[in-house]
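Two complexes, one shared chain (chain A), two partners (chain B, chain C).
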Partner chain A sequence: MSDTRRRRRLGEAALGYVFVLPALAVFGVFVFYPLVKTFVLGFYRTPPFPNLPSHFVGLSQYGSVLTSPAFLDSLWRTVLFVLFTVPLGIALGVALALLAHQRLAGIRIFRTIFSSTVATSVAVASVIFYTLLNPEVGLLSYWLGGRGGAGILQSPTLALPAVSVVTIWQNLGFVFILMSAALQSIPDDLMDAARVDGSSMWYRFWHVTLPLLSPTVFFAVVVGTIGSFQAFGQIDLLTQGGPNNHTDVLIYSLYQQAFVFNNTGVAAVMSVLLFAILLLLTAVQFRFFERRVFYGR
Partner chain B sequence: MAAESHPGYGMRSHRSTLLRRLLRYVLLVATALVVAFPIYITVVNALLTPQQIAARPPTLFPLHPHWGAFASAFSTGHLGIFLRNSLIVTVTITLAELVTSALAGYAFAFVRFPFRRTVFFLCIATLMIPMEVTLVPNRETIVALGWFNSFPALIVPFLASGFGTFLFRQAFLGMPGDLRDAAALDGYGHWRFMTRVVLPMNRPVIGAFAVFAFLSAWNQYLWPLVVTETNGVRTVQIGLRQLQALSIDQTNIIFAGTVLAALPIFVILVVFQKQLVRGLTAGALKG
Partner chain C sequence: MSAGEGGLDVPRAAGVELEGVTKSFGPNLALDGLSLDVPAGEFLVLLGPSGCGKTTVLRLVAGLEEPTRGVVRIGDQVMNGVDPKERDVAMVFQSYALYPHLSVRRNIEFPLRSRHVDARERMRLVAEVSSALQIGSLLDRKPAEISGGQRQRVALARAIVRRPRVFLMDEPLSNLDAQLRVEMRAELVELHQRLGSTILYVTHDQVEAMTMGDRIAIMNHGVLQQVDTPEKVHDRPANAFVAGFIGSPPMNILAGVVEPVTGDTAPARSPTPADRSVGGTDAGALVSVGMPGGSIPLGGPLAEAVLSRGLASVIVGVRPEHVSIDPAGSLAASVTLVESLGHERHVVCRLEAGQLVVARLAAREAVPRTGERVSLSFSAEHLQLFEPDTEARIDV
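Up next is the complex of A and B:
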């Protein structure tokens, strides 16, 4: 190989590394290093007083957290929260997208309204509903009936559903945008053909529209499930995990272990378990759904 | 993707079409009312006095709007500082993510270097590792660096994006293959090819990612909460948390604060609607 060619190739390699270095440095320091460190921290039991050394306990802390009722309860509540938010949220998003997918004058206004909740962050949505659900001055608690509506967020049975409704509402704009874009990418002639066949609207939805939407629905299920597993802001703002831990989902109890009780060891174990759950979920969902999902074209 | 494609409606009897159309509008309006109500009532309540908000039956139209709550949100609620902080953090993160993702995406698409596949895989792997999983050691890192309660704590961990890198690489690879050869014949090196050909040609995906990055950074909650402790650096989402704690005779200020916190994103939604839709749907749709 000639000298100039080798030098050019070396130069190219150097350039490549210069280009990826900034990203790689950030990922190294703030993603990979802390990921490894999280695993390691899980092997050490945090002492009851800050000045004592932490003990190496190996896997035993993983065992004790995995079998602790507090962890299992918060895991179960997180699963419930996912089941409350994801299916209903996606169904509503699809319904809105179908509703707005019509040739009507002024339809653009409705599309803007339906997508408007993307402008609200989790914090904005939570603070709005927190105030509307205030037992004393909240409009929603007034409408939901003096006594019955008052203190929804303070009710052990209604708090988690209420937090779920806020979450669904806050995500609705995003799901709507997603589903609308997918609907618009379905070729017109396909729908026309189905219509000419004389099939009913219901039949067309189940046998034409939904199969064609399924990749997007699949994407929304994955993203939504992962998002709901990471829910924190709405819990922190609406209920602080209460009443009586009834809304104490995984991330919220992780946050409390880490920054309220200063129990780094337990928090690290919970982080690792969360990581495992999310990895597993993504894998399972891909396996399960990919067979049913219709990738046309 | 067709921009405006709707199902066409065949000719049915005139009256039934009219009735159907009316029915559709009724359904649309009813749904829109429910979806938009929380936002509407927030704006209305921001313009009422606390007494009016608490009054029953409730006031649904602000006939005599009071604008004082917005001023109070700035004075009592410190919204000005919070908004400024959010703007600093969000703009810096967005610009940095654009630069680092474009550079890395370009390298993965066009530059040959050893272990390119491995390095690319590492970038993709970051998508599987959410912030929450690495929260505890990351906060320790920030404290060790002496960055606790400072802007670098809010900014530096987000100077790169696995999603952006992946998105840009895919977009760059989707360009016609002989483009690089043609540019090389014209004597274009990598830098000129990237800045004069690749980046201008990929303006849509860059715009989409910019909006997405801005939105994500603006809405961050957990991380800013655990690495800040004073108003001087706290972002507006955390500011809302403090605002929420105001007493019930200041609810109008709470509502005004949420309006102000959501306003920048609302403006983006209106001005950059196309980019926003693209940014949010990237990854979900092929093509």
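Up next is the complex of A and C:
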């Protein structure tokens, strides 16, 4: 009696594993194996010429990357890039969502426009801005007074901000949709109550709207930070890390190590470090900012 | 106009006046030429079925909506175009609309902080209002951590704490269970007496309206039907809609054809001598209202009123307590449902035309079984008549 039951339960468990197996296989091949392999690669120094054996060097390669000025400069530029793109991008997204939340005629058109960049790929965004910022024919260059002069993307001071603007623009649609959905989940009664209670628009925003948006804002900060740390396409297409490495962010220099210099050992070390930085940063965000987040009722 | 003027301790009730107010939302007309005058200190209940426009009235007074046409005044000042925060009114929402991320204390303080009341004064006012409403022990909790009844009190406290000129309450008790609702009803009435404030109170529950209001304004389809004291509204409804809405169970409304009554077919329940004396001895003054299955005889003054207006048909209103099951009754019906409330019973009967009539019987009276064929008789002196076209009351 109990024996047949046990057998049946075992059979059910086996069936469960069979169902999980395909996903596990895909994850194993494309996620877990590369992850482990990356760690391992970091312990080997890549030979100067192909076909020579690589040497096991242990953690020493981690030390040399961590202390190299090139890596530290690249890390600093990445941090700047994140600081440019994440807060500004979220602030803009919230502002647009608040605007589009008004009950006005034709507001749907604006909602569509505001969210449209979500359907734009990095490549498309980059090409659009590449053209706009072109010193010869670019409209933005012309408006910004740079006609005939040095291009913005070629300027050591302006290249990183320019790449940041493209990134903000490209992410805006996604942030806008997130914030719009969050705004719509705030009951109208609450905003009406706050109006009758005598609060100004500004007071309502800081004391009612923003606290109730906080879970979404927090999510956008975490996801946005990770996304900006991993930004690659716009850098590759617009500046290739230039001018003079001024837009050489972590991922871009990692890519160059791996695919231009064929130095897979260093590239692996950099990926592991990037992973560690993101893990640490996300943990810090959860530890220090999540307490200011209000989840549901 | 500033909220702080006059001091927060002084009751500063103000009257509310709506003059020819029309409000449309796109093609939908929510209010149609509504005029209503609420004197300072009155507890006025706005009563009507859902979608009749009663909540729109509150939102117009609060300033959450602007009238399409017409004027809204609070304390003789025209409020059209005035921002809600300048109107000095407080609103209690059906959903309570408590700020979920703020503690009970911060919720109650919200209107004070919005108006930059200083911290000591805030402490004092919150302490005062929370002890009055017995929520002093809840101040540090979040709205999610307290019960529905407690949330209701917090919402009230938030409204009371700044002593507004007018309170607007939108079905504040409808989310409470029955027992708590009865308790809060009494407390609200007491609170009104203590504060002496003007209250506009929206409900679809006519028992709430009857028990709480100084006056009741009954609305239907955005049109005001009648404004009067609970007694007047109950005893002298302005039209068939009001008659059918007020009372528990409400008045039975029956339409029929006016028929003269000859001596032989005199109704089983003949008019009293008093009726006859008003109607005169002329047998022609006696009429009945015919419908499939029988008729309802009308006594002297009612018959007179029908005849003098030359009506071919008329609407009869009769309260359930004035309908009895009587073998000698004049109208045939079948019993579809008997509801026992302990102290009384409601017998729901279906007429031959398909319409339902409710008779209210004392618990000791014999009750027919479901499905049984019965005859109904009507207490002639308690019948009310309404015009067939306008459904307006026929005064006799």
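Simple rule for what comes next: the second predicted complex is superposed on the first by the 288 of 297 C-alpha atoms of A that agree within 3 Å, B and C clash if a C-alpha of one lies under 4 Å from a C-alpha of the other, contacts with A are read in each partner's own complex, and residues count from 1 in each chain.
In this text, a residue touches a chain if its C-beta (ideal position, glycine included) is under 8 Å from a C-beta of that chain, and two chains touch if they have at least 3 such contacts.
Just so you know, these numbers come straight off a predicted model, no measurement behind them.
Once chain A of one complex is fitted onto chain A of the other, the partner contacts of A:Pro211 are limited to chain C, with no touch recorded for chain B. Shared-chain residue A:Leu160: touches no atom of chain B or chain C.
Put chain B and chain C next to each other and count what each touches on chain A; the higher total goes to B.
Contacts of A:Val127 after superposition on the shared chain: chain B is touched, whereas chain C is not.
In the superposed model, A:Arg195 makes contact with both chain B and chain C. Once the two complexes are overlaid on the shared chain, A:Val269 sits clear of chain B and of chain C alike. By the touch criterion stated above, A:His101 is placed in contact with chain B alone, chain C being left untouched.
By the document's definition of touching, of the two partners only chain C reaches A:Tyr203; chain B does not. Applying the stated touch rule to the two superposed structures, the overlap between the chain B and chain C interfaces on chain A comprises residues 187, 192, 195. Contact residues of chain B toward chain A in the complex are 1-10, 21, 24-25, 27-28, 31-32, 35-36, 38-39, 41-42, 45, 50, 53-54, 56, 58, 99-101, 103-104, 106-108, 111-114, 116, 119, 122-123, 126, 128-130, 132-141, 156-162, 165, 190, 215, 218-219, 221-222, 225-226, 237-238, 240-241, 243-244, 248, 251, 254-255, 257-258, 261-262, 265-266, 268-269, 276-277, 280-281, 283-287. On chain A, the positions that touch chain C within their shared complex are 187, 189-190, 192-200, 203, 207-208, 211-212, 214, 294, 296-297. The part of chain C that touches chain A in the complex is made up of residues 3, 59, 62-64, 83-85, 87, 89-91, 93-95, 97, 99-102, 110-111, 113-115, 143-144, 158, 162, 168. On chain A, the positions that touch chain B within their shared complex are 9, 12-17, 19-20, 22-27, 29-35, 37-38, 41, 96, 99-104, 107, 110, 113-125, 127-132, 134, 136-137, 139, 142, 169, 172, 174, 177-178, 181-182, 184-185, 187-188, 191-192, 195, 215-216, 219-220, 226, 230, 232-233, 236-237, 251, 254-255, 258-259, 264, 267-268, 271-272, 274-275, 278-279, 282.
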